[in-house]
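In what follows, chain A forms one complex with chain B and a second complex with chain C.
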Partner chain A sequence: MEHVLQSLLEAARNPAPAIAGWKQASGGKVVGWLPIYVPEELIHAAGALPVSLWGGKTEIARADAHLQGFACSVVRAVLEYGLKGTYNMVDGFIFPSTCDHIQNTSDIWAAVFPDRPKFDLVYPANRRSSASAAYLEQLFTALQEWLEGLTGCRPSETKLRESIGTYNRYRSLSAELASLRSARPECLTGLEFALITKAALFMEKEEYNRRLAELLPWLANRTVRPQPKVRLVASGIMAEPEEILEILDELGGVVVADDLALGARTLRAPSDERLPPLSALVDRHLRLGPCSTLYDCRKERGAHLLGLAARHNADGVLFLSMKFCEAEEFDYPVVKAELEAAGLPHLFLEVEQQMSALGQVRTRLQAFLEILAQGPKL
Partner chain B sequence: MTLTMGVDLGSITAKCVLLQDGCRVLADRVVKGGMVGDGAEKAVREALEQAGVSQTDVAYIVATGYGRVIFSGAREEVSEIGCHGKGAFFQDPRVRTVIDIGGQDAKVIRLGTGGRVLNFAMNEKCAAGTGRFLEVMAQALSAPVAELARLGGRPAGKVNISSTCTVFAESEVISHLAAGRPVADIAAGIHESIARRIAGLAYRVGLEEKVMVTGGVAQNEGVVAALAEKLGCELLVPRFAQTNGALGAAIFAFEKVSKSSGETGAADVKKTEG
Partner chain C sequence: MSEMSRAANYLLGLTMLYYSAPRQADRKKNPVAWCSSIAPVEFLRALDVLPLFPENHAALIGARKMGVELAEAAEAIGYSNDICSYARADIGHILTGKSPVDGLARPDFLVCCNNICGTVVKWYENLARHFQVPLFLLDTPFNHEREIPEFSLRYVEAQLRELIPWLEGVTGREFDFERFREICLLTNETSRLWREVLDLAKHRPAPFTAFDTFNYMAPIVTMRGTPEALEYYRLLLEELRQKVNEGAAAVGAEKYRLLWNGIPVWFALRPMLQLMSRHGANLVCSTYTSAWVLEFDPDNLLGSMAEAYTAILINQSLGLKLDNLEKLLREYGLDGIIHHSNRSCKPYCFGLYDLSRQLQAGSHPVPEMIFDGDQTDPRHFSWAQFETRFQSFMETLAASSSG
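== the complex of A and B ==
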């Protein structure tokens, strides 16, 4: 079973060969999408391979000609990969209106690559208005038409229902993996968990589901490390660069639950399979959250984190704040006050995908774990 | 008699403290050359010589500082935050806030009862507000870094160094020199600039008295005075300011030994002595 695990880790670390392989075997189109929320089910139903473009650890050189140094490291990396040709196998691009960085990168992208198909998924900022659902339904219909233009395929309702089922299965298997991490943290390293989660973003979901379903019973009996000294909830956009997780593993800290965009946030809220397919996807989008990029006047993230910590018996919260991510930074003061009021310790750690000097990160993490290992305040 | 040792490998210097029974400092050494070179070995050797003991007499060694991961001589490593908290509380149990200004980073640590670390903040990735900043500025003034405090001692005025970035601040200093501003005023401006950065950090964590300043930069009276003025409170500079982290590490080492052997802790030793 080790080889199944290794295949997922490899897919996450080096996705290009698998994507190219899929393309050659199927003759299908590859559709790349930027963070955070995209109804992948529509891409899947159109017979294309959805591939997430969430940046990566690459040296930024070409992208600096188009984007300022204070743009977030994810969009800088995405543009860099685009300019370097890493995305040459991608046939179409979806830019959701997640944040200013992604929206503006979409405009820059259009200027740099005028001939590459692109769809701007402009979400309604207000998800509580009665018009939101109607608007979303139109938006997803437009996305379907764009996909049809790209792939030449208009999926039947049955096919759409199947795709929604496949994605619900993917999310429920991921939830099982997450429960296992909390119940038996010794079965996986933090980095392994993150890479298994990430592998899903580059693979055909039927194949991913099959491998994950095989892996779960094996993991339930696997032991790769001692019981954690400290249990944490991780919150933020993503737990990258991966050295952060390696340092945590080394120091005996374990993330037992997360509120990461590249993680639990996108895996929440299964679609309601009783609804007509498009309505099910619309309904799901309206139920997503809490997330810094989804407007919510009720500000539920603090309560959500406190709930996670209580359910998973966590000692503290680790904020992995993506540098220059305004959405996350606007959320933080509200959440900070709530965590402090509840007496739950947290560490605010600013991260960038391309950071390489991790000495300070290690010191902060170690000091935070030392504080938590002292036990609750007297 | 139990001997323990703390080794603090900083970015610029290596510090070593040799502790007897968790309460008496037998030796404290500061040696140039921290993470790179043989600074650590030298500091350890000098401390052993100062105390007149051999390495085999030392029951336990704890390492801290940036180089703690690469130093092979220690049984255990503890973060600088934990060690500075521990050391400061040992030097004065009234301390509730520790401001440690080292070679390449600055930290503000809040302590609770019993010296427990409650919270901390560190400077961001750049050298603004650290010892390295002082070194670069001293270089621009063609003065040894130890002379800076004296130079800024009696300024007629104070120039404003507005750049956070060390490299830009150096250009500012050179411009002020070229404009004929007195060196004393520029040195005072440099101290003020560091104090501003540190005060910002301190406000993030929340300041509670007594406040202690540790680290190499604590030896610069100009910075300490500027910081005291900014924060509006008295700042304690302890006897072992630069070696406070190593002292904390040595205390951790002692606690480790006494826990495993069931010996009495430092506090009890003090009591029986008194």
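== the complex of A and C ==
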């Protein structure tokens, strides 16, 4: 079973060969999408391979001619990869209206690559209007038409239902993996967990589900490390660069639950399979959250983190703040005050995908974990 | 007293009234709302709500050089130095009570429209949490196309319809549609006069600079839909027309006519004006001030409002932004452009480099300068960089006009 695990880790770290392999074998189209929420089910049903583009650790050189250095590292990396040809195997791109950075990078992308197919998924930021669902339904219909133009395939309702089922299965298997992480954190390193989660971004979900389903019973008996000294909730856009997780693993800190966009936030909320397919996807989007990028006048994230910490018996919260991500940066002071009021310790770490000097991160993590290891559990 | 000072004095009075009326208001008769800068205040005015605009106040904080102090107060409770300096200045003012004008009166509720950025959505979430007051979000989806999609407009219009009962609920007052219509017509008329004011800069030499318009613009932002704002622009227009007739020039020997693309650097207006004047350069227009020219169709108020509030230029595609620049270049007879790469305003400046590239490749290329700055936080601005770039920009302009 070790080889199944290794195949997932490899897919996460080096997705290009697998994507190229899929393309060659199937003759299908590859659709790349930017974070955070895209109804992959529609892409999957149209017979294309959805690939999620969350940037990565690459030196920024070409992108600087198009985008200022105070754009977040995700969009800078996406633009860089686009410019240096990493995405040449991607046939179409979806830019959701997640934030000003992605929204405006979409226009830059159009200026740089006028001939590459692109769809702008401009979500209703107000999900409480009586018109939100109708708007979303129109938006998803437009996305379907665009996908049809790209793939030549207009999926039947049965096919759409199957795709929704596949994705629900993907989410429930991911939830099982997450439960296992909390119940038996000794079965995986933090980095392994993150890479398994990430592998899903590049793989056909039937295949991913098959491997994950194989892996879960094996993991239930696997032991790769001692019982954790400190249990943590991780919150933020993503736990990258992966060196942060390596350091954490080394220091004996274990993330037992997360509120990461590249993680639990996208894996929540199964679609309601009783609804017509498009309505099910609309309904799911309207139920997503809490998330810094989804408007929330009640600011439920702090309460959500406290709930996660209580349910998973966590000693503290690791707030991984993506530099220049306003959504996260505006949430932090509110979350900070709530965690402090509740007496739950947290560590604020500013992260960038391209960061290389992690000495300070190590020092701060070490100090934080030492304090938590001494402190009483909540 | 000169003719000019009549409008200026009127503006001073209006500004004092704008800040003081909410402080003294009986909140049952005149509730106070905080609004994002291009929110549909016409609805609020119809219910005698007094709107206040934190962004406008933050600009004043910047101009009075209180930006660093107040931003630091926000940073001290965990706000990143990377987020919009208007937001940091506003939050700093809430935390410390410091302000150039005794601060903004406490809001009874909040109205946020994301036609200018996604930042305001997060900012207003936090305001709602801090003040424990209701918040209405008017979502105007970003338009990446040439035309705003019909289904977007229907969604925006539906929200405008929902705003009415929401406001009735939070104010306990009944919405009067006739009153609302009158206010919309006042906005139309005021916008028309504001457009006429801006257009006077098409004269050679221009009778004022864009720096002046950063001052003239306050009532169209904060008092739109009131007879007082209309009166101000009537007075202003009269005075400025007089200047045109006299052949008055804002910059002695107007050699170069320039466009400002971005939010002003509020704390450096004077030195910039002086530097430009020394070079015979006049900043005659900006993409910023015309954002508040809002016009509604009296026969289809809500539908046309949905469109007007969605069509704010920074809520639209790079292609439309380019069209607008080229139109201004032609209409105002401009020689060059200064772009503000503003660390605080991502939607205004992400895409600037490609906008400039496309402009150079287009039918009306002119010399351009891009500088790194910030609207309120001088820690993100270097005068030396600005001056150096401006000087080489002037050399380019001199070379291109003699060539």
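As a working rule, the second predicted complex is superposed on the first by the 376 of 378 C-alpha atoms of A that agree within 3 Å, B and C clash if a C-alpha of one lies under 4 Å from a C-alpha of the other, contacts with A are read in each partner's own complex, and residues count from 1 in each chain.
Simple rule for what comes next: contacts are C-beta pairs under 8 Å (C-beta built on N, C-alpha and C of every residue); 3 or more make two chains touch, one makes a residue touch a chain.
Just so you know, these numbers come straight off a predicted model, no measurement behind them.
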Query - Superposed partners chain B and chain C on chain A - clash or fit - result: fit
Query raised in the report: Is A:100 touching the first partner chain B, the second partner chain C, both, or neither of them?
Result: second
Report task. Treating the CA centre of chain A as the corner point, state the angle out to chain B and chain C, nearest 10°. Result -> 80
Report task. Please work out whether A:204 is in contact with chain B alone, chain C alone, both, or neither, and reply first, second, both or neither. Result -> neither
Query raised in the report: After superposition on the shared chain, which partner residues are touched by A:374: those of chain B (first), chain C (second), both, or neither?
Result: first
Requested in this report: Check the residue A:359 against both partner chains and state whether it touches chain B (first), chain C (second), both, or neither.
Outcome: first
Query raised in the report: Who does A:135 touch here: chain B (first), chain C (second), both, or neither?
Result: second
Requested in this report: State whether chain B or chain C is in contact with more residues of chain A in the superposed arrangement.
Outcome: C
Requested in this report: Look at A:91 in the shared chain and tell me whether it touches chain B only, chain C only, both, or neither; answer first, second, both or neither.
Outcome: neither
Report task. Note down the smallest distance between any C-alpha of chain B and any C-alpha of chain C in the overlay, whole angstrom. Result -> 5
Query raised in the report: chain A residues touched by both chain B and chain C?
Result: 350
Query raised in the report: Given the complex with chain A, which residues does chain C contribute to the contact?
Result: 74, 77-80, 82-84, 87, 114, 117-119, 121-126, 128-129, 134-135, 137-139, 141-144, 149, 151-152, 154-155, 158-159, 162, 317-318, 341, 343, 346-347, 349-354, 357-358
**Report entry** chain A partner contacts - residues on chain B that touch it in the complex
**Finding:** 66, 69, 78-82, 105, 112-113, 116-120, 122, 124-125
Query - chain B partner contacts - residues on chain A that touch it in the complex - result: 345, 350, 357, 359-360, 362-364, 366-367, 370-371, 374, 377-378
Requested in this report: Under the touch definition given earlier, write down the residues of chain A that touch chain C in their complex.
Outcome: 65-68, 70-71, 97, 99-101, 103-108, 110-112, 120, 122-126, 129-132, 134-135, 138-139, 142, 292, 295-297, 299, 321, 323-324, 326-327, 329-334, 336-337, 348, 350
